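Multiple structures are listed underneath, in structure tokens.
Both of the next two complexes hold chain A, though its partner changes from chain B to chain C.
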Partner chain A sequence: MSEHGEGGHLPPKSTVTRWLVTTNHKDIGILYIVTALFFLVAGGVLALLIRVQMWTPGGTILSGMGYNQIVSIHGLLMVFWFISPFAFGLANYVVPLQMGAEDLAFPRLNAVSYWVYLASGLLAVVSFFLGSSFQGGWTLYAPLNVPTFIPSVAQIGSAAAILAATLFVASVTVSSVNFLTTMYRMRAPGLRMRDLPIFSVSIVLTVWMMLFAFAALLGALVILSADHILGTTYFTNEAGGALLWTHLFWFFGHPEVYIVFFPALGIMAETFQTFSGKRLVGRKWFILAMILVALQSFVVWMHHMFLTGINLEVKTIFMATTIGISLPFDLMMFSLIYTMIKGRVRYTVPFLFNLGAVILFIVGGITGVFLGAVVLDYQFRGTYWVVAHFHYVMVGGATAMFGGLYYWFPKIVGKMYDRKLGLAHFGTYFVGFNLLYFPMFVVWDTPRRVFEYSEGFTFWHRVATVGAFLLAGSFLIFFYNLAKSIHSGDPAPDNPWEYGSAIEWSIPSPPPIENFPKGLPSYTSGRLEFLDDEEVATRSSGAEPTPAAHADGGTATDGGTVSASTALAQAPETSMETAHVEEAHADHASWWPFALGIASFVTFLGLAGLQWEYFLWPGLFAVAFFVAFIGIVGARRDGYSPIHSLFVLLAIGGIMAILQLLAIDKGGLDAAIAGASPYFYVTTLGAFLGAGTLVSMGWESFQSPEPALAEQWPFSKVGKWKLGMWVFLASDIVLFGAFIGSYLFMRVANGWNDWHHLIPEEHVVLPGLINTYFLLASSFAVVMALEAAKRTDRRKLLGWLAATFALGVGFLINKGLEWQHLFNLHGGAFEGGWGITTNIASSTFYLTTGLHGAHVIVGLLITLFLIARAWKGAYMGEEAAGTVEYFGLYWHFVDIVWLFLFPLFYIV
Partner chain B sequence: MLTLAWSLAIGGLPLPVGSAAGLPRSPADQFGEIFLVFAGLGTLVGIVVIGYTLLNAYKYRRGSGNGEKKDVVRPELGEKPGGGGGGKKLFLSFGISAIIVLSLIVWTYSALLYVENAPEEDITIKVEGEQFSWRFIYPNGETTFNELRLPKDKVVKLEVTSTDVFHNFGIPDFRVKADAIPGQTTEKWFIPDETGTVQAHCYELCGAGHSGMDADVIVMEQGDFEDWYAGTGSNDTQATVGGDAALAGGDA
Partner chain C sequence: MSNIKIYTIMFVVLMVFSTTQALVEMTGLLEQAYWVAFGAIMVLSSIKAVIVAGWYQHLRWEPRSVTYLAASALLVVVALTTAAAYSIL
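Then we have the complex of A and B:
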């Protein structure tokens, strides 16, 4: 499909194809913005339904179940599928421009993030139509979130909503890895991190928080999905299930609100500076305040749990940290206000929205202080005070983001928006917003998620409903403005804003595909310059980095390094002999991200309804499909060789074996087919599509060259792939941390030593020990493989990769035998065997070591891919062996995780 | 100066802890007072800050001439992003706001300690939330559904739990609220200080019937309550431990 030749050529923007295959950050930014606005409307319609229901105490048009669904999905759509993606649409478009980069570090992954986001959002919407959707609130509290407490009509829809959120987290994780790698490796020379425009600074902090917070959420959602699909007993556990969820969810949930808000903060700072005509006051303190909040955001989560019976000491600590986190915001608000003093303030539409946002945020922030006083929080719990508070701060943030869209609209579209319509939008919006949310403070005693409220509150709830419709109406003005201006707005200059100062205002509106027509941006002289090719050549050869000398950039970059040819060396397929000036041709198109979006939608839709009895088989088929595709795609891409046939044959054999096993398990193939719900086939289809897509994407030739000159401290010696892998592993650490933490929490809650009663005697150390040896040996094998690759010894490389594979398979077989033995115990305390659903000890054991096992399987599939490629001569030499090194990092990580799991689950 | 004035103001406010003669101060009164102070202060701060913001936005609008000072650094296209100075004033404002916030919180901390260290209770009632009703179990074993009877002006301790999902039991009129979590019990105390019937609600989404999961809370004069209570009790025993003794203990 996407051959190299087509890859470089993007179809024009007027075609549908263009938008399906693009990997360019600007296009993807637009896709995110448009899609997010779609989800805003969806979530907004649900909100209007809520307000209609609240018109009269006792409700009007919805049943209890219907209302709960709407409330839950409203929250999920707004928090996950609207607000952060909207911010990231702007970030995708603007941040590379502000940094002086031509695209993100991994353009195809950027497209993957988008399509998987869309897939997950569609799945969330579809969940309404699979019976009934999730009804337990966007906070998904346990045990209301498990099948036991979900009405049967809502089982599949609820699972779909949960899986949609899980898929969304995958999209976010890929995005975080991409943005972090980009921002640390592709800044224009002369731009230290602290020199970035403030919006970009807010994004880099947002992305750090995203990386760690969403990993915790992923842990929570995977465990919840397991409770649904596999029947594990985490959240139904009497001793600690409910509280475990609150810890996991809020550990994510609190940083999440800053993840939502920080981009807005960055936009506020940018627009206040531009439209006051004055530099941001106390900029370095502003940045420091943001960093403090980002760090502190991870230590305040229990303020959502003040009434759960935690002890006074803990409550006091969290009260202190909560108040602590409000203080940097005070500083930032003052900074914005003072920026206007002695300024030349212009009331442009973006400025009005951001000024409005500051006011809304101040109201929201003050009411947050109320919530931080524990003794007051005790009464605000579960009431509209909380609802009003978070809508003021969160939608206040969205207000700034709408301002941001107006601000960058001329750059993105090349035309000006209509000012009159913008003013009308702002007026209606601001009045509607306050009519809707302020009354909620007045009638704060209304319980949340309730439509039967005190008669005396009726007037204020009606005011709120009127406000809601006014606010909704303002969006109609907004969309009309956007559409009309795109169609017939006045042409916009490069810089429509007096006092716009960052790089994006120095390039055309809209920018050409590679962003900087005048040359590579550079700040080394202290001001922005665009370096032509010759200049770049001179500088890059002059600053050839050697291990000892990389610190002497010789430029005004305090501690930064200007790194040249190593950058070019990282792109996997280009030939690189010298640091020549011409950048390798950059690709901008690929079909695979779109395909992966489809595959993920299909797979997760299938999983929503997959019966417990069938859960294993699509996974097994997926492995076989993957192997088959390695053979097929490998033959096409690298040229046929017997090894490709071998893979295909193995895969076919595998599929036959799986079918046999399935037949044995179900009592005949006919019985298996008869017993399988449509979801089984959907999941298997998704597995097929997914395997094909991933393999093809791995083999696709796609150039994404790094800039010839870049500011890269502190990662100048770390190539982009390696940096990306490290960042990804950091989030994987948190994921396993969530699982291990959950195990420890449940064990303490159930009695640390009593735990032994929940485990059969037959669960002994030996299998774990043997597995430890397998993994350690396989790590050794991977190291040897890397050495062989660097020394261009193809045979040894293949040999060691095969050894790694064999040892990994040994691990899996050993584990399989162990599990089979435990599943089939007879007699003793565990008559029916010790299986996944038996008790909390078995649930934690199988799920945690199972997650690890899944990581091993993924590693082995990648090993097969490496073997197929190495057979045809890839990875030979110091540079090309990089891929083996990155895989090695992953593999060592997997082994190290086992070194933690083994003592926890086998010894103590 | 400001700090001094502020400390005097805060110090002058009564500490929100007990005690009127005999009866400890009810959490409801305490909440009411603290909330009023916060609301008053919050409104004041909000008006001042927002007013100041709008004032500056207006005063320094382009064309007014007020922004035309010589020493101002204006952003220029292509400049390396940098700050506009002004750290000192920022820190002053930040410092003032921090003092306000921190002293408010410290002031409430003593109230928190008061609420956490329950006085000797006169009666303990178990509350069990269940989709979608409330069960109340009195010391003598009597069980009522969706109706909680209480004696006026007594210290009532609630031990709250759930038999199924996460609920939350709250009586807004008496400012008492507790999570009802399956598998564990949370405790809260309060003083019902007015006779009559008020409502209790569920404050944590718990399923299709969450919206209507209410209970009547009937506060009776002590004598009336004792009469009612004496006539109840589980079948096995009339005067179980804590029955009459618990009631008697609160008087005097």
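Then we have the complex of A and C:
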């Protein structure tokens, strides 16, 4: 039976279709958890291979290249595709329940995040089968990460692994925007940020770090992909290429440690208070310590670079900041220990895993402090001390997450897990873990990343290998327990834990599709209560609450009981803007996120092997496909009008022109076809699928209404779409910042004024100035379009949108002419042209302005979409004009970026 | 003043500032006093960015929290760029 009656349009869970189309946060959470466990097994098998290879000095079963691949992909799979996604599987399921939301703010985007994540992980695994995968270690250090230093057999596989990471980061960015918008816009009335259950607090801080840190990594990976596909020379530049990579990577990499660990901390705190029956001691200070760490995490990255050529002053500063970041962790550990001491502990399976995690983290944390000291780091860097420390922290965090899965398993499945099997799992896990990793401290002088070591260390390495197999065996118990319990576990009550205090323990196990059968959760009275529809309608209209019209949830938040006075003081901040209680019914199913996952996998697989001579063409085809789909899908969805024919004709003309240009470029169409590798066709197919999917998503009617009542500080007057756009732009600021920062760094490294010698005389100000005029005028056109839409003036709206489009096209044509001129210089210092591969100055110029140009193209495609819809009367009036405004935010941002690119690349 | 009038005035200011930036280079000021000219050009770009963000993106009328959101991202990239560049001086 479908769950349509419950409010969704979902097939039942027993069907495959359900899991392909679902956008519900609980389903997506389960998908994340299962997929992350799959990648855990994949990464775990690679880890076992590493340990088998380490059985004797000099190795056993793997070649050198094989070992390098396995070490590299093991690290990448575990860090990117297992730990964080596992945490976000739990977060997807639990956070909306804990904050009183029926779903995330953008359910379809949540599904997009998941499918793109899966696509990226599969691409990483597939990279093994494309000749050879990446071999340069999970940190992808330069110059081993660029084609010049990669064996020819591993070129495509390496590019696939790098592109897989890039795709993963795209998924993370979408997810970050979604979580932040949700957590700031959809909290239960009366639920202040500080009163969120501690797991949710840890998640919101994690997502803030993700938003900024992953954007920097995205910048690094896009540049690296360009070095692979386009031949840019960033990371091969002798003056600073390798250092640039380490800066960008570790600016992401160190926050990533906390991105991984914070959800674990949240689970530790949550389970410690539940199973101690005691509110977290010093809860406020615990949260402040987490905030402090989240901020400090962005100023410690250079402690990973003490052995590079950075100056001593900066090393000293970063040693101080690194030692400093350990202090808030001390506070958090003491808080957990005191909570345990003050309470009455029940040694359940989730608690044991979390207690184990605390012990492991303390070992990992203390051994990490050594690495923060410059002098000691000189000794320890590149040894197994780092490997042991790193695994005690990261796998220590994963330990808490396994405990978290046991903790929420009854809620997710509606069945209890098998306690005896759970205890057996914990016992073998904990012993296996320490047998595996502790010997690495003993033989810390073993060199990292190679399988050569002193004969005298053999015994301890064999102990570690035995421990690895014991640890792996513990997961067999784990998976058997999960399967057995899902099949025949005892039914779970709403709250299987006596002291579980957050909202999720006041609703059925598992929760129904829209989560809260007793009504909308609210804390405005000081305790959890559920408001029925009538009461929500009353309060939405601004009337006084009627005390009897709710069901008592019986619990406070784990922040303690919210006092009545506090709740009343909160009331004005609670939005009343959406009074349509349940009028707009939420949708829960869409095929397009799944389709986008397929399209992204196909596109990125193709890009991995695309020759640079063919790089441009799939992109051009994608633009033409997109325009064609606007015409076709628009006619189907909005009803036919001549504009749709125009789009289709434009697209057909465009495709013909592209084929003609391709033929000219390659000396005939036959030569073009013969010269193209299969990857060209795969990329083009991906572009076709992606264009069709994105346009179809744009037209799909998908309701995800905001709650009628919600706590929304500090964004109470910013709608979810606008907030989502601003959060996305914040990440885009960091992305462009990484590019501009890279340019400035390379210019400093190569000598600020010497840089001029790398640029031809013909590179002049005028084309940049003209393009500045074009973009400023287009920004003006967009705000005028917004005014026209607000005044319901359809003709002017269309006129200004058309002007925006024309000015944007003018920008691109001018840029194309300029580039064509620079590519084909004759005479002077750059005889033969100033191309993308000529030198570091040309690489930074073309790639940075090229990224900006790509943003312009995306903006133009959106403009065409808006024109097609506006033609049929969309966006008229104050409220409906919102879409034009959100697009304008993006377009103006692209304009602002250019305002800095213009002087940096054309004047100074 | 109507929105359209404000947008138009801002547009004119933006065009004038952009032209001024190019003139700094064309008049040779960059050769005579590089860092002064550099500073002037970057300040003009910053003012232009503030105008676009404040008026065209309506940050002036949005809650301050939105400005802080964008500013925090800016702070992150300034920290990265400054510290990275300093590390190799």
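Heads up, the rule we're going with is that the second predicted complex is superposed on the first by the 860 of 908 C-alpha atoms of A that agree within 3 Å, B and C clash if a C-alpha of one lies under 4 Å from a C-alpha of the other, contacts with A are read in each partner's own complex, and residues count from 1 in each chain.
Assume contacts are C-beta pairs under 8 Å (C-beta built on N, C-alpha and C of every residue); 3 or more make two chains touch, one makes a residue touch a chain.
Since we're looking at a predicted model, the values are computed, not measured.
Of the two partner chains placed by superposition, only chain C is touched by A:V765; chain B is not. Shared-chain residue A:L899: touches chain C; no touch with chain B. For chain A, the partner touching the most residues, choosing from chain B and chain C, is B. In the superposition on chain A, contact of A:G667 is made with neither chain B nor chain C.
Legend: residue contacts after superposition of the two complexes on their common chain; A:F370 is shown touching chain B, with no touch to chain C. In the superposition on chain A, A:G653 contacts neither chain B nor chain C. In the overlay built on the shared chain, the residue A:L243 is in contact with chain B and with chain C. Of the two partner chains, both chain B and chain C are touched by A:G309. By the touch criterion defined above, A:L355 reaches chain B but does not reach chain C. Overlap of the chain B and chain C interfaces on chain A: residues 240, 243, 309.
Chain B contributes residues 30-31, 34-35, 38, 42, 45-46, 49-50, 52-54, 56-57, 60-62, 66-69, 72-87, 89-91, 93-94, 97-98, 101-102, 104-105, 108-109, 111-113, 115-116, 131, 164-166, 168, 170, 172, 175, 177-179, 181-187, 199, 201-212, 214 to its touches with chain A in the complex. In the complex of the two chains, the chain A residues touching chain B come out as 59, 63-65, 67-68, 71, 135-137, 141-144, 149, 151, 190-191, 195-198, 237-243, 273-274, 276-286, 307-309, 312, 315-316, 319, 323, 326-327, 330-331, 333-335, 337-347, 355, 358-359, 362-363, 366-367, 369-370, 372-376, 378-379, 381-383, 445, 447-452, 454, 495, 499-502, 505-506, 523, 526-528. Within the complex formed with chain A, the chain C residues making contact are 3-4, 7-8, 11, 14-15, 18-19, 21-22, 24-26, 30, 34, 37-38, 41-42, 44-45, 48-49, 52-53, 56-58, 62-63, 65-66, 69-70, 72-74, 76-81, 83-89. The touching residues of chain A, when paired with chain C in their complex, are 212, 216, 240, 243-244, 247, 251, 298-299, 302, 305, 309-311, 314, 714-718, 723, 726-727, 729-731, 733-734, 736-738, 740-741, 744-745, 748-749, 753, 765-766, 768-769, 772-773, 776-777, 779-780, 782-784, 787, 885, 888-889, 892-893, 895-896, 899-900, 902-903, 907-908.
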